[in-house]
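In this document, chain identifiers A, B, C and D correspond to the written order of the chains, with residue numbering beginning at 1 in each.
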Amino acid sequence: MTAIMTRLAPGPLRLSSSTTAPGRELRMSEIDAADALVTSADPLHPANLIPELCASFYRLGWVTGTGGGICIRTGDEVYIAPSGVQKERIEPGHIFVLPYPQPSSPSPHTDRIFLRRPKLNLKESACTPLFWNAFEKRNAGSCIHTHSQNAVMATLLWEGDMFEISHQQMIKGVRKGGNGPTLSYLDTLKVPIIANTPNEEDLKDSMAEAMENHPDAAAILVRRHGIYVWGDDWQKAKTQTECLDYLFEIAVKMKLAGIPTVLKD
Amino acid sequence: MTAIMTRLAPGPLRLSSSTTAPGRELRMSEIDAADALVTSADPLHPANLIPELCASFYRLGWVTGTGGGICIRTGDEVYIAPSGVQKERIEPGHIFVLPYPQPSSPSPHTDRIFLRRPKLNLKESACTPLFWNAFEKRNAGSCIHTHSQNAVMATLLWEGDMFEISHQQMIKGVRKGGNGPTLSYLDTLKVPIIANTPNEEDLKDSMAEAMENHPDAAAILVRRHGIYVWGDDWQKAKTQTECLDYLFEIAVKMKLAGIPTVLKD
Amino acid sequence: MTAIMTRLAPGPLRLSSSTTAPGRELRMSEIDAADALVTSADPLHPANLIPELCASFYRLGWVTGTGGGICIRTGDEVYIAPSGVQKERIEPGHIFVLPYPQPSSPSPHTDRIFLRRPKLNLKESACTPLFWNAFEKRNAGSCIHTHSQNAVMATLLWEGDMFEISHQQMIKGVRKGGNGPTLSYLDTLKVPIIANTPNEEDLKDSMAEAMENHPDAAAILVRRHGIYVWGDDWQKAKTQTECLDYLFEIAVKMKLAGIPTVLKD
Amino acid sequence: MTAIMTRLAPGPLRLSSSTTAPGRELRMSEIDAADALVTSADPLHPANLIPELCASFYRLGWVTGTGGGICIRTGDEVYIAPSGVQKERIEPGHIFVLPYPQPSSPSPHTDRIFLRRPKLNLKESACTPLFWNAFEKRNAGSCIHTHSQNAVMATLLWEGDMFEISHQQMIKGVRKGGNGPTLSYLDTLKVPIIANTPNEEDLKDSMAEAMENHPDAAAILVRRHGIYVWGDDWQKAKTQTECLDYLFEIAVKMKLAGIPTVLKD
């Protein structure tokens, strides 16, 4: 069962025991207050940005067929798109808002607390527990998930548990651990590859483990599935996703052309 | 010869013997009522959606050179684009509206009944009998036909009568039979391939046969031609077309790179 | 030397000896009348269409780097874009209007007659004599020239003087001779390939010869350069260019994958 | 330390010793005057053009992940985008304006003089010293830097210090030295390739040396990084970049297909 928690926007979050009680119904004034969380004339407000960015990701082939997406965390609020919808047609009113941190880490086995849920019959993104990994382990402000074919082809051509490329200018656009200093041109970029699972939520533990084992990793590839990339904010998450996608694409071209992708200095 | 049947929009359909008489001319007031069927300020009205979706399919390379398109069925009305026109430049006034069901199933050998025809010298899509297969055999609410090169290349590299791929996340976006539950990551996606015919209408019987022989098939590939994909509504037809097109594209890349496309568990 | 001839739009063309006299200067009222030829609120007016279509061709990669373009002939007037400009940034005021027929066929060796020339320091498209081939030999209403890499790759992989492909649905979108009935799925599409010349205008004679020797040809490929495609009007020229470009693209993919591009029935 | 110099737009530049003194703070009236340099209703003003062009370069895949960009010099003023930002989201207010010439050539080791700097915490493009090479050695009015994969793949498949291709129509869109007459179809296009360096600024000397050693070169490729292209103005820089990118793309396709890229006449 899922509880809905409300707050008056834009004041500070107040978690009272009564508002978090599972099953409690929202009053109309609370619904209006919750909707204020996704209503803004500012194009850079997360509820406006997520639809715009998802539409541009669609044009890049990253989120076709309802897959993939982006979440944005602004301090103690997390904005998340619905699952199973056309990502290029999301509207601000479709956005979920969750408090951060949650009383317990989101997983398929715990109830989630919401600050705002769409009135439509929508479910929050199945990536939610994976996004939470990025918040909890890297203090991320945003996390992007794509099904880019460049990422998937990389997981097919790099058969082990690590993608590697060196000596490419675009490596410099990636940050150590996703939230540290940018890599140098002389660094070898390494991205861990984990196995896919039938249910997206079940990637949570193996993704968390790969992040812990590889603290310098800026992203996690999921074999035959796609990638999760995070950053301090949506700008950094997005530009790092672009750099990584570029590197997967050129690495695949190089591998197929017989060009080594890692040079020894 | 083709009869034109009119109705007052938006009331329920009334098929009277006089209005279905072949060759009967429409009176002006009937024409106005028929035009109301394709006149709406709602961007999600089928007469507005079909032009918008066809323009986006054009940008994807699915419907260039006048080929391909989408039809939408809303209960007892079917909205269909014209044949032989630039699909990215369709206007709502170009849309045909047919009643569903038709007195007899549309084929090249029977007259079709229309609720509304464009005043221009246009002919309804040559895909009409194929779209009807999707309505009659899967109760579809929408059917999409593309000439995507990914689909055509798949029919060239899979020489038998079935395209197959396993262990790809995007398989989860496809529904059993096109209108059932979504497939699992552990399911192998299979799409029947039928031979092309010189006249598009003549695909009707072999497409129908493949749909009957393969009740789990979510689409039918036509060798050296393209694909037909259907769904409960336009959203599901479109997202399934995107998932399938993604899978054909990556399967072709995998095959050309020597990577097996079906894994044994 | 180039003469400028004016007319009052939109009346019928009057060629008087005085207005065609080489070197005669235009009076201001004549300039205004000439500008009326490219001034219209109708988006389908050739002076508006050419900029719009060139911008869409740019997005397709057909006319980057100032190359390529489209001309439109409406009865006795020919609308042509300037040469050497960014094709995605053309404005109606940049368009040249020439009478058809010209007193003598345009070539690098004869002066051209204009109904309207831009005030800017622009030169008409270097393709003008090639476009004229399409008017004179096929009575075309429009001709398109692209530098599409699909066309150029086809001229590199088909080393003889003819590109051929059979058994592709998109063949049905091409017309016999470019202006006749559409081809059948059972027809083999053949497009002559001529050698490139250092000066674009010098292609005129070899293109004309190929058109005469192959009256069924719907287009002429120029090796290491691109393609010329024509049609009865801009719609047919454009959709045939799309079909041909699709066929070159898939033929190149097939050839590189070792799949035969022509089947014997 | 970096000094900021102001001037009243749009009058001629006056370099007084007081305004160039390192570390001097700007007064508010000076800031307003400086902002006038990037405030214009003309879409062709450099401060408006750079954001528009960068957005279109982003769609071409040339400047994703914050890399690449364009600078424009109009007489004695140079307009430059910031470094490390999303290039498709630049606004006129983000643009830097520098005087040309600078008291000393920009390098990592000298302070730069600005006519206008954004109020935000931004840094001018790391390409600035490379752009200066184009101004100083070719009197360029604009210089473009891309990370296009076509350029990078060319530097990987051409292992020596020179990319070469002959007998392609698009060669005609490139100018000798970048600012001379256009090449002929019979000319072989040659683009020098220099090694990448960990810091972009450190390319300055090797790029300058390659430009001096190859006065006919219209651009400089940087291995595993991208390309620098210049021209008399932004139009010529852009169309030459398009021609070169086309030639790298088709040359890579030809090389991978086993087709020679240089023919002996």
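Observations on the structure shown:
What we mean here is this: contacts are C-beta pairs under 8 Å (C-beta built on N, C-alpha and C of every residue); 3 or more make two chains touch, one makes a residue touch a chain.
Each chain and its UniProt protein: A, B, C, D = Methylthioribulose-1-phosphate dehydratase.
Just so you know, these numbers come straight off a predicted model, no measurement behind them.
Hopping across touching chains, the smallest step count from chain A to chain C is 2.
With centres defined by CA atoms alone, the chain at the far end from chain B is D. With centres set at the average Cα position, the gap from chain A to chain D is 34 Å. One inter-chain figure worth recording: chain A and chain B are separated by 34 Å, centre to centre, where each centre is the mean of the chain's CA atoms. Contacts with at least two other chains are made by no residue of chain C. Going by the touch rule set out above, the chain pairs that meet are A-B, A-D, B-C, C-D.
Listed in rising order, the residues of chain D touching chain C in the complex are 167-170, 173, 184-186, 235, 238-240, 242-243, 245-246, 249-250, 253-254, 257, 259.
Of all the residues in chain B, the ones that touch chain C in their complex are 61, 64-67, 86, 147, 149, 152-153, 156-157, 196-198, 222, 224-226, 256.
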